[in-house]
């Protein structure tokens, strides 16, 4: 029998009471009886696993795919995907209503339709990712094969999650797209907002620290390196001193652009087709098509001997 | 029967013998009979889960929180938290003694008291995180609701872990705070040392690559972006050529300061209240209150056409 | 019975058929009957766990190591390691043949020999990591003990994985080294290509965003901070407009060099012994031994008051 | 590549097709889209765990019950029990309709009400089991304490499951009671039909092979041993040669009766109060109150020396 | 540090050494390098799960079977079944060689062929079990539906495992059939040797304690109750005093026979078609067709009042 | 939002309150703060796994035992066994004190010593089980090899658990022996009280329903079949009408005795060396050495035609 336990029992009870008080819970608690279900992180994770497994059979998810079982496998997984998505989209739609009354049956049908519309996009999603894989393989001297790119490169996970999330967001699914892109963010350090519009054959190398904002537009055949930010200047505030929401505020990147590591491009600027942006540069103005910008080193660095 | 196995068996045994030799194990092995227990990464992870679940009920941990069960839930979790913390703090205290003799009963009581003191801080911790959530919601044009911030934003995890770790460190708990902040670092790419002092309504956006050093001090209503370093200049070495430990060596940031992406602020400099630090800047001197610093682009970038 | 299910059943079947078509699967599917096994991410993860457990007994993997059981523990784990590695290397060797015919028995023996050669390197690997741990402890004013470095510092995981991956690559093992380094990349945000050559007593602080390229060479006693890139300039393209593969294209870093946060060093440049590279600098030329480079701040930043 | 695989692929596909044919599936397949959900063995198992944990706190289920947490624990478990039962009863009610149309909302409310009525019976169930435990302790010379009876004796599991199943059956819940009693049957070898009516202070010793039929009635303070059957004579058949269903056909056992191992009592006979039935006896007629029956050994056994 | 640990360390080591000595291990140890693999209990358990899931879709194994997915499901499971069986049969064949040399490739092909032959029997197995289910439903007044029989009755598990095991044994698979029947024995208390030959429409009620020997032959439409033994008289011994192996030594039961609870029938006797054997009878001679035997009660029981 | 939920919330709370009342919990609740820990079913199950793995290496527990790893394996498992046993014995000793005060350190040392004494018995236990395996192999015409007996026969599990439990009981360990024998009872239907004394080369065939009482004594080379009871007559009651505890009340069986299925032997009778007891017999008197008893069939069965 542990005496010290007794000393603390009353205190413990009183902390519990405080933490359970409604006043203390303001905005910090999601109730499920008086409020409503929340999309589940674990289920969304499973949804991403299923998408990866269906889009890249044999690389992710189910092992041992072959000509005998490929249709069985994809058939089973698409059904699971449909059911989980249906259920999660329903939770997302209700969450987005912020407590307004709703018709449960109608929400149910809408969720099922949205889930099915997403499923119908899977062939197009695979086609699109095929282009990204090829671009990544061709653009990286260290890449040994497309298989290595699919299986080992974090950017494929980040771009894959982005394309899934963007498709869902375009269909009108709330909350879940953001959860999907944050999962890739945690896995890879690459943070692409699902609202961004990104063209074909998109490549990211290394990728840690990349940030692509919600209203960014990126053309075809673009390649970016680690630490690149396509952000908002975001100095404009409303009357209450808070950033104004919903305005196009991130860069528009043309086709065939390369952006090297740690470059920062801010605001609704246009980077013209074929431009090359060198590393560690900070850009808040338009760049003309075909222009190439690099940091001016000469004036920029002080050199002296260690013992000075 | 696999013949090649025999070929290797003797070699395998001899590697095992070498790897088990005391001389080979110098500093690389933690023994438990002659030495003592180590705080467990898995248990600390569970402790963080419990804290998140108790601080943000219904968002993390237990699903389906409602008015019927909220007190039961929090009651159960606080007890588990108390017991796990008690146990881990004990391991931490013994580890910090580095092999010195100790009175097990006394250590046991101290650990239990420290665990209970931490539990008693939970309501204050929740209150503090409420401010951070609100600041993050108000400061990000892309944020849809406080719920989205709590549920999706990695910075909430990083700041949450920091506030938990800082509370433990302030109570005198060794080792465990660092483990907690490294968990957030791995999850989010945000590296906040538990020793840093951070005011209310703190916001981080995107966050990958943020580094906040052990002796940094940050005021209220501060907002920082991805890749910001609040570091030490750290060129000062002792007689043996090693960095001197324990000296205040990180910046002091005032209230209402904004620091944009990839800015690097080094050394015990002061950034005055209301200052705005632009992205990709390298600062090793004080900045006056209300000052706004941005990179001088004009002289800094070479522009030429791609075919030059 | 859910009517809406019927509505979607036919559509679902047709998507499944499309996704299973051979034409749709081009490069995106890894088959196992007509093709061959793939190294398993889960098994490689277990291999890394075993390596960490054997190299740092009592810190990772098995708990409660002591003088009674250390040889039993290491003996059990080395055998599991040998068997798993054997199996994975075999998968890697076959994958690297890209569908060419092969002699299964011969591949089997080669895999077993390679696995055993790796096991034989474990004592040397531990010795080497001992140096890295000590360097990290001595070089960080915030480090409390070598134990804290081993147990809490992400860089130890990244450097450990690198040294394991580099050893395997040097032995001629394909694919798996890259998988191992990407695991550390995901865990720590530190991306070290297994092809890089890194000397003794290597230290990384914080580390998020560090990129070290495939042909980089690093001397002894080097220390680098978060966000440092040792990359390729990579503007040279072949006749098809793709980067040329296999050329030495990353920097050579001398002994006793320090490189501060977010510095970018590109191309086959030489950084001389004892050089110090300040943060946020972009370097594409050689740096002489003992030279110290820092960003020229004065001309580089525009200062104005917030209300201007 | 395994050649023998090819040989079998076609055959495998054809077996799969045969096994999937509707004609082959007659009565052997439970479909969920065109048919309806089935109560889940795994969930029912969890329901039994929860009942045991709530009825015998600290012995089963949650460990470490104490005065601080007992109400939290029971509160959490009763809610989980209510929700799981609700859901399973719904599945049971629909299954029992055998494909008839139904009003889903009405079934839902009925299931919830039944689940709640069961919860309301829990205090009475515990009271009743208290009597069984005491009877088992007092009646077994080998029993050390009531705690040992609760924790180690299989009969407590079998009688507990029976009392739970009987309560559900009495409320009108279909299918699930039988599943619950078969779980105890598998665990203990004791097969008590949930339809049986059993009085207070019921004791079973050892228990393997005990069978108590659906229409059996047992008084208070009865004790039975392993291998006892209270069965139906069941020689009466209907016009089709099948046993007639639904008729009272099992014994009525009075109060204070003891029945020793392997006794078989068949048909709607009455065993009077206080009767004692010896082992290995076969009874198909009434036994008067207070009567004691034992096998007549003398005439019943042939004795000879081994070498005869 | 626990002093008592030291006291025991040496003793522990010496017990370990003793237990590892080859002389001590005689017959009690199965080695895998110098010996060979053993069929795995866990894998055999999975094989049974798969069989049940494929034979009774929607009742066991995969949940939510429907017209969309039934072929996908059965297709996936048959492949897993084929692969696991292949592998286990190989282990069984090698084990049965008791250390003799063998041609691994030849054994591999034989195992694959045997596994495929079993798969080809699945439709017939399902057909056969359909008859057993119907017989059980028609023969039990307490049975509500065929679904209840499939889902709740332990005898279906025991008879199912028997039919699977018997099919494998008939194909010449060693060891595994016995493992499969012992699994049902543990689950249900019904012990049917895989060598027994059992006709169509076989029913067992309750079943605990049923034993059916290796050379027993049972006709069609037979029904037996709990505790029935169809055993060997087995008093005949060889010159060493051990029972002689391999001789037909268990009963032959005709068609349409019913055997009530705890009846014991021993030796190679014939029970004629349509016979009825009452409970608790001990039979070692033939019974004529149509005969009905019951225990003679009158002379067999002593009755007296409790207080005599 | 589910309205029906609200209806039940109040009722649920009130049931919870009732179930948590101290008065309701009488004897039915095991508290851990005011009371003390309970031996854990899950840990005891692990202890049995470890014993089986150590006693029959390669058959149970760890797979892939070979000459390289056998000592490592047994070394690791003996240590785990020692620690788990130590801990569980401590719990058992405290439980047996029924709330009396005790010296925790003293109990700790006694538990450790008892655990170590058990470990020291392992070689003898293995030797003893070797005899049982051989007896079972020689005595069963259906047994193919000793390996099959070890791997498939439930009786080996039951006898193994008995010998472990008996050893612990003989050392003075309370509660845990009974838990161990009940585990085998649930697994096999064989119920051997740990207090029974059983000689060498003991064999049980089939075994379901076997009961061997606490004070039974069994000689060497004894073989028993399914359904055999060695029980107490147990008609003697104390003044309160309860069975008197602690008296020798079960049979003494000599050497070389065979007891066939469903025989019941009750009370402190002696069955002489070499006796053979036929099936379905009920014995309450001594049997002379070498005697053979079988049921007298002739007078015991009524025969008539089915249509009579």
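Lettered A, B, C, D, E and F in written order, each chain numbered from 1.
Going forward, contacts are C-beta pairs under 8 Å (C-beta built on N, C-alpha and C of every residue); 3 or more make two chains touch, one makes a residue touch a chain.
On a predicted model such as this, the values are computed, not experimentally measured, just so you know.
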item	value
Residue-number overlap at the subunit A/subunit C interface, same or different (half cut)	different
Relative to subunit A, chain with the most remote C-alpha centre	F
Rotation angle (°) superposing Cα atoms of subunit A on subunit D, nearest 5	180
Distance-maximising chain from subunit C - centres being C-alpha averages	D
Averaged-CA centre spacing for the pair subunit F and subunit B, given as whole angstrom	52
Mean-CA-position distance for subunit F and subunit A (Å)	58
Distance from the mean Cα position of subunit C to that of subunit B, given in whole angstrom	23
Shared-contact residues (touching 2 or more other chains) in subunit A	12-13, 33-34, 67-68, 71, 75, 79, 189, 208-209, 227, 262, 276, 280, 295, 299-300
Subunit C-facing residues of subunit B, complex	4, 8, 11-13, 15-20, 24-35, 38, 40, 95-96, 98, 174-175, 178-179, 182, 185-186, 189, 191, 193, 195, 208-209, 211, 213-214, 227, 229, 231-232, 234-235, 242-247, 249, 262, 264, 266, 274-276, 278, 280-285, 290-296, 299-300
Complex contacts: residues of subunit E adjacent to subunit D	54-59, 63-68, 70-71, 74-75, 78-79, 82, 108-109, 112-113, 116, 119-120, 122-123, 126-127, 129-130, 133-134, 138-148, 150-154, 187-189, 206, 208-209, 225-227, 261-262, 276, 278-280, 295, 297, 299-308
Complex contact set, residues of subunit A against subunit E	68-69, 71-73, 75-76, 79
Residues of subunit C defined as touching subunit E within the complex	9, 12-13, 67-68
